[in-house]
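What follows is a set of structures to go through.
You will see chain A twice below: alongside chain B first, and alongside chain C after that.
Let's look at the complex of A and B:
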């Protein structure tokens, strides 16, 4: 110890005394940061997604009242159910509006809602729905056949007064190409006429864009010079659902109150608040301190913390989505099926799931997820085989491999937990068979635009179902009708003739067993042809306060809070 | 008087230049919300562009924009829902203003006190502690500090942490509020329940946001005071027998104030636009976060342009105020030229 340091010694106690007031703060800092450090000290088994329940317990005699606050990662953009496209807006409108048919609680099965029964003509082109008696909109007007016609017509007719200049109604454009007209037969009967048979018609009617809106609300403020309704429905929605819109303070909260007159029985809670809390860590801390009662999208690394906290409850449900690698089959070298198969043989899905999903996802075999009816259960995935992949490449004339590029989005999606890690893992896998991949991170809207224009060689993308039908995965993502440059969803630009025939036939067939056979054949061809490599299906997670009752995850997306209550 | 008038007149061309820059930047952004919304409906998009006058020459559009802002406080309509963006942006500006005002008040009070003490007792442990804290305040990233504050509040102190500006349960009770300055308005209306809720929500974000102004003001105060204290008039005053406290607080501080006021004004302007990290961590419904989430994320060009223009305008106005304050503090500025 040198002289200078020694001279400091007598001063040290005094310094400590001076710093004493600061010590608790320092201690607090250490404590605060240490919470993640306890991992591994416990011997509880690791989290098994499959064992998580998708719902909170039910109260036999639910307590009425209370304000339920739902924490989410962003605010809604619009509240016009026909015009929304983002999940944050959807989960609000699903509580304000009703559809003709709806998803059963916690399932993708269809049950009656505003329509109590329906009949179809023998050629399946005319569907007649009988409306529920006594259902009213929040403004007091009745839910009648005219309102149903209004709700669909405004999406079809570009000159309809209940359209805003920015309205696009893209879900209607995508899902109801087969719909010719909607008419009111009498006050309680509505008739839909299709141009051609369309098997996913009924599940498509359960989608939020088919919500029945109040024509009276639209007309309440008159029309402007261009003949459009002035009423801003997207900011002040009026439906017939279990909750009534009350107020929207952008970025702060959307408040709904219980509809005491709801035809299906009033909700238990008195008020429902959607609160955007952008940062997932802040969101979790709010849940821990009880200022919100439930939240979406907890971070994967926080799942264990949530599970261990007795005041919280972790829910999980296998998702209905697929993350996939698409190869542009119109470009060399991916026009050769052997090259595509080689890529499929080289990719190690298990390692990707470990690196990018914290082992919380299921490997995908088909573009139709295992969780979706119609999935071909007889498909057995390729096991990774580098030697075979190299042989396939050599046979295609690429013994020395080749250079290519892979584009991936810069944001997380439900099906894409960590896009960068996924891309890096694929790059490493393909390097082993001599394919040198230049990976490129792209801004979300830019990658959507560039890939649908077919500018990519390979891209990493995913899909969540809109309509709960295999058609929504296979036809949308792999049929040649969806491989039009500029508007393509079929990002591999696969144009197989047989697959096209099978998918169109399945679309026009109502017999489920026949459809299942058609989809099975299509999936077998697609597996062999490998225009895409399906990678994973990721589960959905929610975290709740332990005293929340009656909450259920709806696999179809959206959130439904009618049955939620607080424990007594 | 002429100084003030001259200073105010200069503001107008400055704001015009700012608006041109902002409008040109927003115009140059590749892709917008409409591209995305109308991705599969090109004809509908063309029709919409024509109706909105988006195909007019740049200068025509800019002229229309500036005129709209100057005469009606109009900042164009959103590409997402076709609603005017100005009313929402102005509300968000108020929320950011309230947060910034509290953080700055805290920063200036603490910064001045620590700075004055440091300068009065240079090279004492107090001075060193003050300097270490100031350096820390500048160096610590606000979002990290925000997270740590939340963790301490929830995990250690059991503080019922809640983000945003006030408790949504209060919903009905703030319905009649005219501004989004909930803390100030509830105080003015003597609505103590709302005030308490707002204060609780404001505490942590204001604390996190105040670290940088505190540090900057501390350092500026200290160096400016030390410089003034070394001057002849200070020595003379001491030699005449004035008490050290009087010299420091009456004479030196007043002369040292000019750079401090300047830096405070700059900091205030900076925080108005730069509070976005704090606003994100604490989900504060402020302007920066709104511009990022509803503007940048969904490419809603009018929201981006309007938001930046409002921040820039505030910045210019705050600095105008600072310049006018110079004249109050220092008579020499008033009489110059």
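Let's look at the complex of A and C:
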């Protein structure tokens, strides 16, 4: 025995060396098992979203100063407020810029901002806004009527010098087609003239693309040979908002500093940093360790951990969003309504919600979420029916199914709890009716670009409300006017005539009951035509350090940090 | 040879290693006979192991045991392909460096030194990221490149040992070409250390490949790859479903351990000092 042991001795160091790579894993697993014994038996009680508050407590006498670091799931793509479309960019520009009217704190209602008052003509075609006195841009120039005209003109006029060759201004395209002209009446008065009545006009002016930008900043570096301003506004934005842009290091941080001269009162915190931490678990670890002070999109399964941690605070509010599967109706075989219906019949939303949302989302029936006014309550969703889906496919001439692809984003969104698992479930659902789906993960800015250019067959995408109006979902995501390759938000490229008529009429109608009826009919047609399969509406969650005060979730999206402070 | 075989089979740790490797190979061969199709969902999500699902089900409702045995297949294929690349690259370079010496040896050896200066996983990550990531092919190539340098070194050392020997001189005197001497005379006499290294490298390749997949540089999230399974289970480390980490984690650890034990056993069996002692 002794002898054998001794004979092993010279081998031991070698053995240890060889086994070294496996050891950390084994240790980790032993640790896991040990803890499992304690917790394993517990089943997670379902978290009641309705019991969560949408805001952190207020500090009656907020402490000035401090750097607030916001952890988020991705970096911004651009910081030109008129040119951005994704939430990660929007939440930065909403802190740098002001709009004429803005959302009330934590609400979808509109209140005065840069405009203090406004009047409308009896036919509601002419809107006149009086600008606030004393508001200035971060470069010191005044926010006057000329700046307002400049901010809108550059989005309308294709030859405007403050336009980059790559600018799409898709929000302007989508929301301001009715706008005929914007004029400066005098230094403090601006007049908007509409071609036709446009019901969501006032709430639309609170959109980030209506941010008033500094013309002086644009002109500061002169023009190039083609007559365009050289100043790179999308990387160095100048607005009049509560925070001043300081620096942007791609994928590392965007830093803003408090605007001490802000007309609405300076922010309490001194600096605001947006830090992309793509992995939600790493993000939570950073929050736990205090290296970030608040974060968006916590992993749904981690909510309970956050709620129990006395150092953290979990906020929640019912989201106004929809996650959907878009089928490119301009491509075979999705040009056939029977194929689209087959897909709709094959998808098991409950299963997706179990696999990808930890059962914490509501299945969606319409592209207009249940939490949005105008949702058609009479819609009854399809129940999953594989046999019927197969019959529909066979009728369309695809009895043996077909091959196609599904693109999904690599980052998690409020409406997309776990993109990969959602895609995996859809893939498995469709496999059962013979559709073989190649699923492909794509980088966030790449998928936005490729899908709006219509390069996809199927894609997984979502939408969060920008303004509290059903137009913001139905017209933006399904009208043919928004199916222009390159700037499309209508990712199914659905071009239905009747839906288009209904949506346009709803835009021109100010009577809410009539609008509601129009939207109801549109939603019924869209349900039958199934250019998209609405999948889920998920609540919004935020996690904060417990000492953060004054933070509020804005239901219509964007993040606003002016009122945030640290507890004394 | 038979004395070596006896030495190997008398080594109990080596036998244990062989059993582990045998188990994995068996799993890979019989993967198609797994109780469930790895891409067909069952009706339960994240259910703990029971009689129906031996290792439970994952968050998408797939049977973990069935995915694990399919994963064995891809893990072995990736590792063998990577070792194949390492052999194809490392052996010729080692032969050339050892045989010709001089500046050729200098250039090759310094290049190998540079590669060995990086931790292998880090280098593999860098290569995979540079290649774009996201596929099994990338993983094979990255891992293959990373594990090649020790082969160059080992072969070079063996050639240096063999070069001054009489039978090499005899071959040269007979007028054999360099290529013939290298591949017909020198190489067969360097096979033992290459075999040992190849076995050990298979273990390292499995570990590195799983590491790349774990970091998202490997095959897509739908695949049955062990590294992918581990990374998907990792999010449950603080939750009641912690057990989900065990199957892929243990599979990787035990397979790597198996190959390492077999490699060590071979190394001992081929060790001339040990041989003379017995």
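The rule is simple: the second predicted complex is superposed on the first by the 336 of 568 C-alpha atoms of A that agree within 3 Å, B and C clash if a C-alpha of one lies under 4 Å from a C-alpha of the other, contacts with A are read in each partner's own complex, and residues count from 1 in each chain.
Note that a residue touches a chain if its C-beta (ideal position, glycine included) is under 8 Å from a C-beta of that chain, and two chains touch if they have at least 3 such contacts.
Given the structure is predicted, the values throughout are model-derived calculations rather than measurements.
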Mind working out whether A:181 is in touch with chain B, chain C, both or neither, as first, second, both or neither?
-> neither
May I ask you to decide whether A:425 touches chain B, chain C, both, or neither, giving the answer as first, second, both or neither?
-> second
Which of chain B and chain C A:223 touches, first, second, both or neither = neither
Figure out whether A:305 sits in contact with chain B (first) or chain C (second), or with both, or with neither.
-> second
See if chain A has more residues touched by chain B or by chain C, and give me that chain.
-> B
Where does A:281 make contact in the superposed view: on chain B (first), on chain C (second), on both, or on neither?
-> both
Interface residues of chain A shared by chain B and chain C, listed 15, 18, 28-29, 32-33, 35, 281
Across the complex, what residues on chain A touch chain B?
-> 15, 18, 28-29, 31-33, 35, 67, 69, 74-75, 77-78, 158, 164-166, 168, 170, 173, 232, 234-235, 246-247, 249-253, 255, 271, 273, 275-279, 281-282, 285-286, 288-292, 445-446, 448-449, 452, 487
Parts of chain B lying in touch with chain A, wherever the complex brings them together = 31, 34-41, 44, 48, 51-52, 78-83, 88, 91-92, 125, 147-148, 150-152, 154-156, 158-165, 167-169, 171, 175, 280-283, 285-286, 289-290, 293-294, 298-299
Chain C contacts chain A in the complex at 13, 39-41, 45, 59-61, 134, 200, 203-204, 207, 220-222, 234-240, 242-243, 245-246, 249-250, 252-254, 256-257, 260-261, 263-264, 267-268
If you look only at chain A, which of its residues touch chain C in the complex?
-> 11, 14-15, 18-19, 21-22, 25-26, 28-29, 32-33, 35-36, 39-44, 281, 299, 301-302, 305, 351, 354-355, 420-421, 424-425, 427-428, 431, 439-441
